[in-house]
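Shared between the two complexes below is chain A, which pairs with chain B and chain C, respectively.
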Partner chain A sequence: MELSTDQRWDLVERISKQTVEVGKYKATLKDALADLTVRPAIGIPFAIAVIYGFWTFFCEFAGTLFTDGFFVKIFDGYWLPWLQNVFAGAPTWVFNVFVGDPLATNCFEAFGVLSSGLFLAIGVVLPAIVAFYLIFAILEDVGYMPRLAVLVDGLLHKIGLHGYAVVPTMLSLGCNVPGVTACRPLDTRKQRFLAIALLSVFVPCGAQIGIMQGMIPGLIGWVFLALVIGYFAVGWVLNKIVPGESPEILMDVPPYQAPTARNVWTKLWTRVWRFLKVAVPFVLLGCLIVNVLYMTGAMDAIASALSPVITGVFGLPEETASAMVAGFLRKDLAVGTIGMLAAGGMTITLFQVFTAVVLLSIYFPCLATFALMIKELNWKQTLGALATLIVVVFVFGAILHLIGSSGIGSSAWVPLE
Partner chain B sequence: MKKVLLMGQANVGKSALFNRLAGARVTESNYPGTTVDFAKGRMRLNHEDVEIIDVPGTFSLEPKDKAEEVAVRMLEQEKDALVVCIIDSSKIERGLYLALEIMEKGYPVVVALNMWDVAKNGNVKINAPKLEQILGVPVVPTVATRGEGLKELVLRIENATSASIEEVMEKVGGKGGTFN
Partner chain C sequence: MSNTAAKFGSIYFGIFGAIVLIFGIAGFVVMGAYGAEGVSWGPLQMSGLFMVWWSIILVAAGAIYLSSVGNFGNVRQLAKSLAASIMIWIVAGMAIWAMIAGSIPGGEEGPWFNPPADFIATYAPPYVPAIFLLPFSLAIIYPIRSRRRITATDREQQNYAGDHA
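So, the complex of A and B:
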């Protein structure tokens, strides 16, 4: 027998009347905190403090402690000389592809699959991923995410999204792939399209952030600013032109909870393992493809074919075409490629690096994200997202080119290493 | 192979329970909507292997978003499955709503009164034996994140039965209520 909604609620009430006794509830410190952190006057400064703390930990732990303090020394001091030694007798093309420039003294200049590729993936990106997911897991378990959603709800409604969209967006800062799936709890097709399109275009992943933090620490704030402006500007436009509704969603805000070490550890490990399994092979593959394209001369052909756009519209050196090619596979590799090109002698100004990194973030979601977008959106919506990013990349590129031609940041950029 | 579906509303601890029961590693978080797709695992039950499935949270069996659609489709496909219905003990009414909905469809059900600690701290007292007697299916208090009550839950899964809603109505009918 099936009941109607009213009959069922009726029955629920009768049952609970006989089995549940609700006593007096005494508010605790936890409840007070839970309440304060969603009130704008206290919640917003608190949110800023949380994000600032997050960022500081990310930079110190990943950048300073592990990458600079540990991996750079291992890779440049032991790994590269060892590789150069082992491959010494190999044919020149094998050496060039896997070890890179024979005169290189560090893994950044070398540009080989096993030297630079592995260094990027393990030495720079892995610590960033670990640092990000460690803090993120704690925030998730404590129950802070839904409170952040409440705080930004009003703002996100201006671009047709619900506060809940902050959850997939934050997740995407680790990796866009789970970010795209996390959009499922959004109610309407419109909201899902908006959220997925915006995050795949404007949210850089943890791997990319890790590389940016290591390579351009002085510019990364500007990159984020450009991306945030883009997120809201494009969101505002899309909200106007995409048909459909953006209704309210009722969302539970759960009580704060102490995170359990077991769960934080399991989550951290699963996510880091997924990164190692999926991302590392892709970085190496991307590095291989770029190297082969160089060796066969195909890269020069691609570069000159793209030159009207890359140089003409975006105002970037023609050589950055190889970074764009790498970016189809992995964003971290793409950004790293800019650094390696500069280390290898390409002249590029500070502003051009900024432009290149911003455009690399938005011009195409990485292959893994794109594959998932096709699965999560229908064809029409995927094409819509692609059309959006093509328009955005040209508008952004042209605007940045225009700003750059004022002479701002025109000093030559020298990569850190 | 016999199948056990873990169903319940968002953020009641389905994934935590799943990880405990199946020894798996699906993501658990303290916000609604963490699980958007189902995950499968295995556990030993009464000396045989059974498949256990972590289903995305759904408020009711009328789906409102894509994650809920996955949940409802899952239930419809697994006609012979047994359902462990997980309820947040501190919000028992809405949990009961979904439990009744699943029972009406004729599935054998076990109710896990999860977050028992949260309810207790909030001074909510639930008479689990009485609830069990009314519903006619096993009712077990649990704290999935700490593993409390899970042994009993597993033991009781074996006595999961489909209950008749008419009997439930009879047991609570008349007494203690002003109903139209």
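So, the complex of A and C:
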């Protein structure tokens, strides 16, 4: 039997009358809380509290408990002496590349692939990544992340993004690689380009944050402030000049619920495993290439070539050129390199460290992120992102140099052990 | 929620909100006067790199409590107090977590794990204000339970009326 459209609608109405109960809905406490947390008056202070909790947990879990509490002891007390012993009879270049400085007493200063490289990857970065993704998975499972997206929707629309862009941005604080992948649900090419360009330039990854937390805990807030200002300022400009649309996206906002251990564990394991597979080899490879560049004298040549820019435009010591080169491979490794250079006798002021860390954060996405950018965008858009990045680096570097010239933060910086 | 619970919530969270607000403002005053080094006063400690952030959170939580006291029986007002309490639980919870994280490892030169005496000593005062506020913020459980009890009774009565209609 074939029904006409009107008959179909009549049937729908009859079925719905028999099956759907219409009554007055009474909001539950959970509904009221869910509603309050997307309204700016309460939602913004609530978000500050959540991010405070996020950050404090991250620092204490990664820094105090695992890195300082156990990994420093394991790597400096057992791993490094064992490596030095095993490689004692090896040729000098093998020792230098894989173990590093023979006189080093800790993995932070040794700078070998298996000493500093492994210490950075496993001892510093891994606990940071685990802490970050654990809290992120809990917030996702509770249902807070979509609410954060709703809360910042208005703000992000000013730079051509949808509130959902907060999810890849937050993910990138763990690792830029899944952050870039998470930009896929954004509707238009313009939005995807904006989100990927901004997060790959202005969002430091968990690895880098972990190193910054260890090296410059007092400056990290200022670094973030500079990056947030850059994120919105450059986003605003890009939104004006990049053609295309930034439409609304309908997003499901689930009710608040208790997180389930199985969900949290699955998300945590998937993301940490991906980090171990993708990022750790890059850390080790980065260390290897930097060591080879040093040994062959190429690093000195690059440093001399870059010194007019490094010292003249950015106001940084010439020696930091090596860190900048290392940053092409891994940004966390580059920040660590500055600490190692300072520990090795390079004179650098507090403001110069701040400038170097900010510039390292923005001047080039790490190799893994860059490779993914080419895949997710196209060559033209990737080159556009790189052009943006070059302009941003020069403008940021020059502004910071100007601020630094006023004498602010001119005391010499002593790296923390 | 019962009238008693609503009245209790209105008065209690009015007073408690004012105290939370005062602690938050005190955090800013101490920050301005002494910087991150802060001060310790008996069992109370106001110091640390994050002082400015927990001060902001306490000021906001205090203000949210105060904004919830009118018509406390309304679910929206109760939710405001709950949101403020969650903010205090986050700050206090993280202060406790920091103590736990610091109490387990034995330090750079020490053994792998802290000996019992040092472990316990980590938990000794002074504490940040949020830890003192934590037990008082748990009073939010009373109006929530009262509301849940009444909602359950309403539902039973509706079901009963439905069955006998």
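Going forward, the second predicted complex is superposed on the first by the 390 of 417 C-alpha atoms of A that agree within 3 Å, B and C clash if a C-alpha of one lies under 4 Å from a C-alpha of the other, contacts with A are read in each partner's own complex, and residues count from 1 in each chain.
By our rule, a contact is a pair of C-beta atoms (placed from the backbone, for glycine too) under 8 Å apart; a residue touches a chain by one contact, two chains touch by 3 or more.
Just so we're clear, the structure is a prediction, and the values are computed from it rather than from any experiment.
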item	value
First (chain B), second (chain C), both or neither touched by A:266	first
First, second, both or neither for A:69, with chain B first and chain C second	second
A:3 touches, of chain B and chain C: first, second, both or neither?	first
First, second, both or neither for A:241, with chain B first and chain C second	neither
Partner with the higher number of touched chain A residues, chain C or chain B	B
Chain B versus chain C as contact partner of A:103, first or second or both or neither	neither
Contacts of A:164 with chain B and chain C, given as first, second, both or neither	first
Which superposed partner A:14 touches (first chain B, second chain C, both, neither)	first
Set intersection of chain A contacts, chain C complex versus chain B complex	none
Residues on chain B engaged by chain A in the complex (per definition of touch)	10-11, 16, 19, 25, 27-34, 36-37, 56, 64-67, 70, 92-93, 96-97, 100-101, 104-105, 118, 122-128, 130-131, 134-135, 145-146, 164-166, 168-169, 172-173, 175-177, 179
Parts of chain A lying in touch with chain C, wherever the complex brings them together	27-29, 31-33, 35-37, 42, 45-46, 48-50, 52-53, 56-57, 60-61, 64-65, 68-70, 72-73, 217-218, 221
Contact set on chain A toward chain B in their complex	1-3, 8-26, 140-143, 145-146, 164, 167, 181-182, 184-187, 192, 251-252, 254-257, 260, 263, 266-267, 269-270
In the complex, chain C residues that touch chain A	49-50, 53-54, 56-57, 60-61, 64, 75-76, 78-80, 82-83, 86-87, 90-91, 93-94, 97-98, 101-102, 104-105, 108, 112, 144, 147
